[in-house]
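Chain nomenclature is as follows: A, B and C, assigned in order of appearance, with residue numbering initiated at 1 for each chain independently.
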Amino acid sequence: MTALLSLTAVSKRFRGLVAVDRVSFDVAEGALFAVIGPNGAGKTTLFNMIAGATIPDDGAIVFAGEPIGGLPADAVCRRGVARTFQLVRPFPALSVEDNVVVGALLHRRSVDAARDHARELLRRLDLFDKRRRRAATLTLPDRKRLEVARALATGPRLLLLDEVMAGLRPTETDRMVATLRELNRETGVTILLIEHVMRAVMALASRVLVLDHGVAIAEGAPEAIVRDPAVVQSYLGAETA
Amino acid sequence: MPFDVYLNVAVGGVLTGLVYGLMALGLSVIFGVVRVVNFAHGEMMSIAMFLAVVLFSAFHLDPLIMMVPIAAVLFVFGYVLQSGLINPFITRPEHSQFLLLVALAIIIVNVLLIIFGPDARTVQTAYAFDSFQLGPLLVDATKVYAGAAAIVFAALLFAFFRFTLIGTAIRACADNYTGALVVGLNVNRLYALTFGIGAACVGAAGAMMTLIVDVTPMIGPTYTLLAFVIVITGGLGSMPGALLGGILIGLTEALAGLLFTPSAKSMFAFGILVLVLLFRPQGILGKRPA
Amino acid sequence: MSTFAARLTADVSRRTMLWLGALFAALVVAPWVVNDYFVTVLILILYLAFTGQAWNIMMGFTGQLSLGHAIYAGLGAYVAAALFTRYGVAPWFGLLAAMPVAAACGAVIGFLAFRFGVTGVYFAILTIAFAEFARIGFDHLDIVNAAAGLFLPVAQYAHNDLWRLRGSPTMFYYVILAATIAAFVLCRLLITSRIGYFWLAIREDEEAARAVGIDTFRYKMYAVTISAAVTSFAGVFYAFFYNNLFPEQVFNISQSIQMILGPVIGGVGTLFGPILGAFVLTSLAESLNSALTAMGLDLPGAEQVFYGVCLLVVVAALPEGIWPWLAQRFGIKDAAS
């Protein structure tokens, strides 16, 4: 079966610094795939290239059989790849509900239909009761859930989550993990996440890619990765749940 | 048209451009450090111009000599303005600051209108009709003096920023706001000081400008726009860029006025602005990408 | 048709509807109750409310600060007036020509700015530059009489000619009233529609908007062109009401600034803001003028100083504008805030 997302020798340089160095990997449809690595490893750059925020210098990024490398962010989203941001960016003055409606309107013409879909997602992500509040008034965990809801509203086949657990307490992390697992199970949405919080990675991911200094140094099941000597060496201090 | 005419007009344009450059220098200093887009810049200059006019008509004091006191007055004005009104706006969204200064500009222009009326005022010094002759060159004495004064003032300003302690402190603020705070610099005071210095530049430029043009309250906005064109063309954040931009604009204005009609000369300035904004937004000597 | 009405009134409380109804009734009967001078003042208020509403589409909904909006009104005015004086084309047809011209101008400015990433203050400066360009350009354009001004033949207004927009102030009043209401309805429809949601998203966070699949370039272009086209009607109205056009006045930056005063003071991005701002500002300004005249003072520029001070006070103290503050006090919700 061909992978949903396929990267081949993707590279990115910033004025002499090689941020991502010929990284290749495949993400199967329906997978829960995590990308980990120490700070500065190039994870966010990799993400940005997939999401269309940055243009790759070399290599190919293929999604659902179509090349998407170099396409602008909105085009990538229309193809079915949605993302969240490391530093959450909800639409502050809009209500929680309206935030998600914006996402839902991507593939729906009618505002009413979009609103119905938005409400459904808000219920799933436990934000329905707060739907009339302004997004700027939410707590951090809620804003993260809002971003996930908004991204999901665009109807993606692939969801890119950028450190969505950062700043969450362990109980909130577990809750988010449960929600994501449920989403993956019920809707089949493929999830590719960057994570530092190993607790979440171990609980969630079926496959892990490790980056260090822009290079992919290991790939495999979480248990194997965690014991891989190369990984341990580069990523000392990794907390295993 | 004979080459002489072009040359004379061009030289005149360059000299006027030096004064423009000084005015724009003030704007560049303010923006480069305090990061405020001073939309009342030209209006501040018109205050200086009216001061010069009043001092001349009342006491026959030459604007070039009055340049220093007028600059001082504008310095105080700028200092007070920054610390009193603008400082709380540093953290507000960009367009908020901008609108604040737009409001100020409107107030200044119309207060001047109320006080002085719409008619043009001029300053006719004793040497108003003199000119210097250098081979084929025939240049207005007023322009030569104004241009020279602009160079002197700009040089002093460069020296200030380069060699004095305060100047260095100000440059530190511009480079790294938090860093400046961390090493204990009183950033608010330095901001106010910088705004004052920028205003002083405008004050001096205004005094010089009265030798070259007629003064009405309505020229304020024109000079504000001109200052922006110059600063953006020369490069935001670059002091030499402001002078270079000024010379360039002064030159193109003068030649355009000669080749086409005088009243269309600002169109060229705007044309240049549009081109710069589109193709090289950091300007000719700009350091930071826009 | 029923969904149209439903969309218009969704989420609006009965209280708001009552207030709106009362306001509407008051405005409709006004010319019978007050004298011609007040009608003229009301025309000015509505004109500002209209242009403010049109400008708001760009700034309030999409977050693009335009300080050169006079260019669209000016183009509208000149196109319609020129067609009328030269070829006898009625203003309503002239409008059909004026709107595409203004929209095209907006498209050019928008394209240049958005394609090349000119945003924020730089965008504002760009719009000013274009307006100034137009001002100086038209000053030299002989087809429309350049700086000497374009004059429309003035007929006596004993006889109202709606088709050719010649008539009494009362006729003009109803025209601008209808237009303002239409603009209000249009904005309400836009903001509650898909395009409105996308605009708000762009205003709030353009990059995040792109991340949810919004083609921000396209939607910003829509905003600019629609705003420009709507504003051009104001220009047509201006031309036929005042019957003279001078580039110096029509494209002047002070016109552009006057257009934004209503929304900024009333509340950028809200539906009622521009209207409220226009009312408050103009009524106060007129009172000031009357007071000054009563005192025997003739201070040209006093009105502008007043506007400047109002703008200053609002930006400093009530940055969201008067309307959001009022709405909170009275518990009225606005669709776009």
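Convention: a residue touches a chain if its C-beta (ideal position, glycine included) is under 8 Å from a C-beta of that chain, and two chains touch if they have at least 3 such contacts.
Quick caveat, the model's predicted, so the values are computed rather than measured.
A centroid comparison over C-alpha atoms places A as the chain most distant from chain C. The central chain here, found by comparing per-chain C-alpha centres with the mean of all protein C-alpha atoms, is C. Rounded to a whole number, the gap between the C-alpha centres of chain A and chain B is 50 angstrom. Inter-chain spacing, taken between the CA centroids of chain A and chain C, is 43 Å. Computed from the mean C-alpha positions, the centre of chain B lies at a distance of 33 Å from the centre of chain C. Taken in their complex, chain A has these residues touching chain C: 51, 53, 72-75, 77-78, 82-83, 85, 89-94, 98, 101-103, 105-106, 109-111, 114, 150-151, 153-154. Residue ranges on chain C touching chain A, taken from their complex, read 192-194, 197-198, 200-201, 204-205, 207-216, 337. Touching chain B in their complex are the following residues of chain C: 65, 67, 112, 116-118, 120-122, 124-126, 128-130, 132-133, 136-137, 139-140, 253-254, 257, 264, 299-302, 304-305, 307-309, 311-312, 315-316, 319.
Chain contact summary for the complex, chain B toward chain C: residues 37, 85, 89, 92, 94-96, 98-100, 102-107, 109-111, 113-114, 117-118, 217, 221, 225, 228-229, 232, 261, 263-264, 266-267, 270-271, 273-274, 277-279, 281, 290.
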